[in-house]
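Heads up, the next two complexes both have subunit A, just with different partners, subunit B and then subunit C.
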Partner chain A sequence: MSATDYRNLAISAGLVGLVALMPFYASGYVMTLAVTVAMFTVLATSWALFSGPTHYISLATAAFYGLGAYITGLGIDHLPYWTLPLIAGVAGAIVAALVGVATLRLSGVYFVIFTLGLAELIRQLVTFAQVQAGRQGFYVLTSISETMIYWQLVALAAVVWLVGWLIWRSRLGFALRIIGNDETVARHSGINTAQAKVLLFMVPGAAAAIVGAIMAPRYVYIEPSMAFGPILSFQVVIMALLGGTRRLWGPIAGVIPFTLLWEVISGNMPNQTYLLLGVAFLLIVYVLPGGFVGLYEKALHRWREGRAA
Partner chain B sequence: MFIIITGLLLGGTYALIAMGLNLQYGVARIMNLANGEILVAGGLAAFWVYTAGQVSPILALFLVAPVAFAVNWLLYRIMLEPLVLRAKSRGALEVDSILATFGLSFIMIGIALMIYGGGYFNYSYLSTRVQIFDSSFALNRVVAFALAALIALALWLWLSFTRPGMTLRAVAVSPENARLVGIDVRRVSALAFALGGAITAMGGALISMFVTLDASTDGVIFTMKALIIVIMGGVGDIRGTVIAALLLGIAETAVGALISPGLTLAAAYVLFLLVLLFRPQGLFGRTTL
Partner chain C sequence: MATTMTRDVLSVRGLTKRFGGLVAVNGMSFDVREHEVMGIIGPNGSGKSTMINMISGALQPTAGTITLNGQQISGLPAYQINRRGVSRTFQLVRPLNELSVMENVVAGAAFGHRRRWGHEAEAFAETLLQKVGMGRHIHLPVASLTYIDTKRLELARVLASEPEVLLLDEWLAGLNPTELTTGIELIHSLRAEGRTIIVVEHVMDAIRSLCDRCVVMSSGAMIAEGTPAEVLADREVIRAYLGDEDDA
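Moving on to the complex of A and B:
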């Protein structure tokens, strides 16, 4: 590791520390927003770890999230609380591996379609199982406060960044960048492309399931149509792409403005959230293909050139 | 027997919808995830025409088809062609078109909610019973199936035996080589996309005759079903599409009748998973992906 690496690590750790102190000076409403921002930061950053280099668009976030929430709902009365996020993480990674094995050998379209329906599939199965068992949902009654949820999410975000940074520096990260540039070349240079993709897909799978497990106490009552709401997947895709996936800090640059905008629009005009999603997608494709990171890099490039001349 | 015939009747309409998507993806190379919203829009149009003017949904087809054709042609020319032109590879085009058509689908839902207020819509047309073998079926389902079969047959004849149909098939096989023999690929792609959209919208008008539709949530479900059928049948394979659609119709009806109506999409998914695992090239496909 170089001196720059140490410097960046120290700066990042300092920033995470600052953010973690927020409950001591922010008001209740700001904290509610902060929890949402922290949640989407974890989801979007882990999403970008996989989809950034491979260009596979995953819409499975809601499926993993709901899975995690249900693990907390099922286990809260029987197991100590701290084990639940861990179980959720393992379960998320296993489901991600299964989905990955089934679809990641094929082209990207199959993957998108499969993940698009995955949340709906699991929702139908869970609903069916619950109807058979004669119930509709679960109460999650705990003493866990919003501040606790917030700290868990910030810690998880720090872990995701660290994992992302380590992967980027590893052989796996290098292999993924080659796959992203040209999969045929990657295969010809002896990279097991399917295996690399499946391994990487387990990261957002585990992360989203842990987030679901952590967030479950906030809902109090968990039922399928809420835990597996498909909009979540789309929000995550938009936030990550809006921020940009080429840098580790890119997604959060999309998470903060989009969460605030979403809050305003869903509060005042709940029916127009669909229009917001649609416009955001078009904006990403036609105006900001590299996200805010792309804009930043372009500006940086121009500034350096200007200085050289 | 009841399940099989109901399934076949449902599958007939599915086949039409999937053919629309197949044209858009197979010829124009656009993975159109707003396909289901176009379908719902076609259904809404039939609903409006019927409730406002007591015009039969069958006559509404003659209105829906040209309007949907024009709208989809404009969508391709304005929205999607720039993506085709800037794409460096097939994969890059797929990612762009997936994101752009997702945007389109959400905007269409937003507009539908704004105008219509959301929620379910249905109407009662030809809801008398007819006797087939020893069971009775709603006449609207039978009529919808017959019309879907007629339109699909016309499309197949047009694709197989006319010159413009042949240019479409040529572009589907190889856009690069089609250019070498003097085919205007951009024009043909726009035509295929518009035609696909018109066929999907007609399928929507037919489906609205016997299914209650929800303007905000049903689009994506029909998109998924159409995609599953196209992948099962193989891209560009009309025979495969028809058989896959009928299979899906039967599987859904059987699961809905025997286990639970809440599991119909799960049934479609199991079929999809089996195809992905064992025949990713489609039921009758031979080329490897």
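Moving on to the complex of A and C:
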């Protein structure tokens, strides 16, 4: 590790520490927003770890999230609470591996459609199972406070960043970037492309399932349409792309403004949230193809050239 | 080189590839000896690239076998064939545009036959970039490279895994006369290092000066085999090149 690495690690650790102190000075309303930001930070950052380098757009976030929420819903009365996020993480990774094996040989378009269908499929299955059992959802009644949820999410975000940073520097991360550029070249350079993609797809799968498990107590009552709501998958994609996937800090740069805007719009014009999704999407495609990271890199480039001249 | 005692590194037996009703490669058999530069020549559409694609694992043969050092490699996925020591360039050059020049070469070193990573890989990549004449371009974006430089870059990438057999599919195609001279010199230098190379080429000068032996393909089948001088004087070869206009 270089001196810059240590510096960046120290700065990141310091920032995470500061953010973790928020419950001690922020109001309840701000904390509610902070939980949402923390949640999307984990989801978008882990999403970008896989989809950024490979350019495979995954719309499976809601499937994993719902899986995690249901694991908490089913397990809360029977198991110690702390085991549930762990179980969810393992389950999410396993489902991601299965989905990956089944789909990652497909081209990008089929992968998008399959991942979108996956959340819907699981939602239907769960609904069906619940109808058979004669119920609509689960009560998740716990003493877990919002502050606890927040801390868990911040800790998870730190873990995701660390994992992302380690992957980025590893041969696996490099392999993914080559795959994203040209999968044929990757294969002819000795990369087991299927294995690399499946391995990395397990990261967002596990992370989203853990987030679902952590968030479940916040809903009190969980049912399929909420746990597996497809809008979550789209939000995550848009936030990650808005921030930019070429840097580890990119997604959070999209999560914060988007979450705040979403809050304002859903508070004042609840019917216009889809419009926000659409506008953000167009903005990314036409104005900000690299997200805020792309803007930053351009500015940095100009600044350096200016200095060199 | 053909005079010294050499062993066969790569052997192809009865190799056939069908695309639906089209037989692109039809029962090809040949051996490539260690330290030898072997040419595959033939008119457009005669199945040369399909041969390269089967040897490198991009395509699975319909029939026949390929062995590397006595071990069968046909049927293996491309990444395993690369790891065993077969490395290829592409007829249409494929640089990795989002990566730096250095990373393009490290990509060849990190996962293949002889693996290198970190500083070791970068140092090795730099040596290779110097060797292919790109020492000054290490810090340029790949998108700004000239055509010949992307070809050089790809060559450095495939050399980076220290392959036992190098497959060059029309590596000289599309170069202007000056670049061509440079390109031929470059492949000469690889030959001088004693590498084992299969070249697919159209450039006759290159074939004459580079190849120890050639196989000539026409409509998927082998029509001649021998030294460049022998095959280029062969009647059937001349007919294949000059006669079948509709083959192009």
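FYI, the second predicted complex is superposed on the first by the 309 of 309 C-alpha atoms of A that agree within 3 Å, B and C clash if a C-alpha of one lies under 4 Å from a C-alpha of the other, contacts with A are read in each partner's own complex, and residues count from 1 in each chain.
Methods note: contacts are C-beta pairs under 8 Å (C-beta built on N, C-alpha and C of every residue); 3 or more make two chains touch, one makes a residue touch a chain.
Just so it is clear, the model here is predicted, and its values are computed rather than measured.
Of the two partner chains, subunit B is the only one that A:127 touches; subunit C does not reach it.
In the superposed pair of complexes, A:5 makes contact with neither subunit B nor subunit C. Touch criterion met: A:116 reaches subunit B, while subunit C stays clear of it.
Once chain A of one complex is fitted onto chain A of the other, the partner contacts of A:178 are limited to subunit C, with no touch recorded for subunit B. In the superposition on chain A, contact of A:77 is made with neither subunit B nor subunit C.
Of the two partners, subunit B and subunit C, it is B that touches more residues of subunit A.
Overlap of the subunit B and subunit C contact sets on subunit A: empty, with no shared residue. For subunit A in complex with subunit B, the residues that touch the partner chain are 55, 57, 102-103, 105-110, 112-114, 116-117, 120-121, 124-125, 127-128, 131, 230, 234, 237, 241, 271-272, 274-282, 284-286. For subunit C in complex with subunit A, the residues that touch the partner chain are 56-58, 77-79, 82-83, 87-88, 90, 94, 96-99, 103, 106-108, 110-113, 117, 157, 161.
Residues of subunit A that touch subunit C in their complex: 171, 174-175, 177-178, 180-182, 184-193. Those residues of subunit B that touch subunit A in the shared complex are 31, 82-83, 91-92, 94-96, 98-100, 102-111, 113-114, 118, 216, 220-221, 224, 227-228, 231, 260, 262-263, 265-266, 269, 272-273, 276-277, 280, 289.
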